[in-house]
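In structure tokens below, several structures.
You will see subunit A twice below: alongside subunit B first, and alongside subunit C after that.
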Partner chain A sequence: MLKKLKLPLVGVFLGLVSLALVAHGNPGNMGFCIACFLRDTSGALGLHNGPSYARPEVIGLILGAMIVSLITKEFSPKGGSAPITRFVLGACVMVGALVFLGCPTRMVIRMAGGDLNALVGLPGFVGGILAGMFFLNKGFTLKRTQKVAKTDGFALPVIAVLLLLGLLFVPALLSTSETGPGSMHAPLWIALAIGLVVGGVGFISRMCFVGGIRDSIMFKNFSMLSAFVALLVVMIIGNLIMGNFNLGFEGQPVAHNDGLWNFLGLGLVGFGSVLLGGCPFRQVVLAGSGNTDSVAAVFGMTFGAALAHNFSLASSSAGVSENGPWGFAIAAVIAVAIAVYNTFFNKKGSANA
Partner chain B sequence: MKTIDARGFSCPEPLLMLKNGLKSDEDILLMTDSKNATQNCEDFAKKKGFSVDVTQTEGDYHLQIRKAK
Partner chain C sequence: MKYIATFYSQYDAIVFLKVLKDKNINAKAMPTPRKLSASCGICVVFDNQPNSDYNDYEVDAVYIEENGKYTAIFQN
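Moving on to the complex of A and B:
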């Protein structure tokens, strides 16, 4: 019974902490949006001039996953499964996420806030996952991982600690936005503590938004999807109580109402995430537990955020940017090319060979 | 007995390999180095009516999957 309730409880927990983060200062409907956190952190490092803030949530997420995986003796530095391809796919996922304005976690959070634009994105997200599953069923693979040096596994957690030290002792080194989403944030210690706990819970539960939909369709396993539904329900109730529920398309926080691009943006997120084996949230958690392939995907997402803002591909509340459709098209073509090549022309040593 | 070497692959690939393997009537030995894949494959095979024995050797998991009698 408890095993069956585990994932819905994780969804409830994630909903509550998302509400708490917004109540303490994070932008509306941001909650625990990994794409937003990585974009802001990318800006904090000076990689772009868009929203910038070294998000303590992402630092906590990495360290929380590392600590819990060390405790459970599951911290195992592994990698070598097409890291550069994963880097590129990560960048493509981020371009899609910034056209939509959010990752799958934020899609659910936006829906729970009454943002119907996110509801338009949902079929795109499912469509992208279905397209990715087509390639998986045809034999798509990024090949086997291998054990790697311990230092590889600890590299990202060390970077996270350095970022935290920077935030605490030399904050002037890191860019922080004075206006816009990057300027809105919960107090450091609250965000860090929540990140640490969510990282640990995320590692134990193996929570993944893409996996929830993928496994429901592919293996008729609905347990992960239940977390998704629990998160949605808790946040709808929470938003209603806090007066943050605003049903409609217009005037939604950090969102635009261009349906086509909400649909396509999340489609690319779903497609790229299936090829990576997990959503952005899952990638960050795995990266913290020593999976260097996921580190490559996280670096790719951080790089993708820089591309999206430096080349004006990212949308804003005003709508999709002029360059957005072009950037999206390039990212989508690259992601499809990776899928086609690693499905039909790269069989040797694959799972199906 | 058919052997499926899923070591180095992460989900859903081991699960897909098992799903394809279960199409034949043979017993299966599935090897994986992922605890997550072990749990997923064990749950999936049991749900499909197979019996599963899991043994752990040097970081690898061996799943003996047989048709339940």
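Moving on to the complex of A and C:
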């Protein structure tokens, strides 16, 4: 019984912490949005001039996943499965996420806040996953993951610790927005503590938004999806209690109402995430547990955020930017090209069909 | 008792599933049990071992599952 309840309980927990983060200062409906956290952190490092803040949540996520994986003896430095391709795919995923304005986690959180624009994005996300699964079923592979040097596995956690030390002792080194989403944040210790716990829980539960939808479609196994349903229900109730539920398309926090681009943006996120083997949340958690392929994807997403803001590809509450569709088209073409090449023209050394 | 094979890619799992079915071995694909892999992958569960070397396929590992316990019998 408890085993069956485990994943929904994870969803309930994620919902409660997302509500807590917003109540303590994070932007509306941001909750635990990985794309937002990585974008803000990218800005904090000076990679762009958009929303900037070294999000303690993402530092906590990485360190929480590392600590728990070390305790369970599952910390395993591995990688070498097309890291540069994963970096590029990560960047494409981020461009899609910033056209929509959120990752799959935030899609659910936005829906729970009554934001119907996110509901328009959902079929795009599922469509992207289906398109990615088509390539996976036809033979898409980024080749084997191998064991790598331990230092590789600890590199990202060390970077996370350095970021935390910077945030604590020399915050002037890191850019922090004075207005906009980057300026809105929960107190450091609360955000860090929540990040640590969510990182640990995320590692133990293997929670993955893409995996949930894939398992539901491929195997009619709804256990992972139940976590997101629980997250949605808890957050709807929480938002209703806190007076943050606003059903409609207009006036939603950090969102636009261009349906086509909400649909397409999340479509690219779903497509790229399937090829990467997990959603942005899962990539960060895996990266913390020593998977350097996921580190490459996380670095790619951070770089993608810089591209999106430096070249004005990212949307805003005002709508999709002028350059957004072009940036999206380039990212989508690159992602599809990677899928086609690694499915149909790169078979040597893969499966013995 | 049943056998569980894990893979490097979804395609490798599908290929192995087809091999087993062609040998009339009862097999199905499912999400990889949490205990076996930290990946988002899928695995293949089957009743009898095929009369061939697992090295012939892109199999990551094969386990025997008994009463919820997994014992590795092949690791690539």
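As a convention for this text, the second predicted complex is superposed on the first by the 350 of 353 C-alpha atoms of A that agree within 3 Å, B and C clash if a C-alpha of one lies under 4 Å from a C-alpha of the other, contacts with A are read in each partner's own complex, and residues count from 1 in each chain.
Quick note on the criterion: a residue touches a chain if its C-beta (ideal position, glycine included) is under 8 Å from a C-beta of that chain, and two chains touch if they have at least 3 such contacts.
From a predicted model like this one, the values you see are computed outputs, not experimental measurements.
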| item | value |
| --- | --- |
| Contacts of A:Q146 with subunit B and subunit C, given as first, second, both or neither | first |
| Touching partner for A:F87 - first (subunit B), second (subunit C), both, neither | neither |
| Subunit A residues touched - subunit C or subunit B, whichever exceeds | C |
| First (subunit B), second (subunit C), both or neither touched by A:F303 | neither |
| First, second, both or neither for A:S289, with subunit B first and subunit C second | second |
| Touching partner for A:K138 - first (subunit B), second (subunit C), both, neither | second |
| Contacts of A:D215 with subunit B and subunit C, given as first, second, both or neither | both |
| Subunit B and subunit C footprints on subunit A, overlapping residues | 74, 76, 81, 136-137, 141, 143-145, 206, 211, 214-215, 218-219, 221, 277, 351-352 |
| Residues of subunit A touching subunit B in the complex | 74, 76, 81, 136-137, 141, 143-146, 206, 211, 214-215, 218-219, 221, 277, 351-352 |
| Parts of subunit C lying in touch with subunit A, wherever the complex brings them together | 8-12, 14-15, 29-31, 34, 38-42, 56-58 |
| Subunit A partner contacts - residues on subunit B that touch it in the complex | 6-13, 15-17, 19-20, 35-36, 43-44, 59 |
| Contact footprint of subunit C on subunit A as seen in their complex | 69, 74, 76, 81, 133, 136-145, 203, 205-206, 208, 210-211, 214-215, 218-219, 221, 224, 277-278, 282, 286, 289, 291, 350-353 |
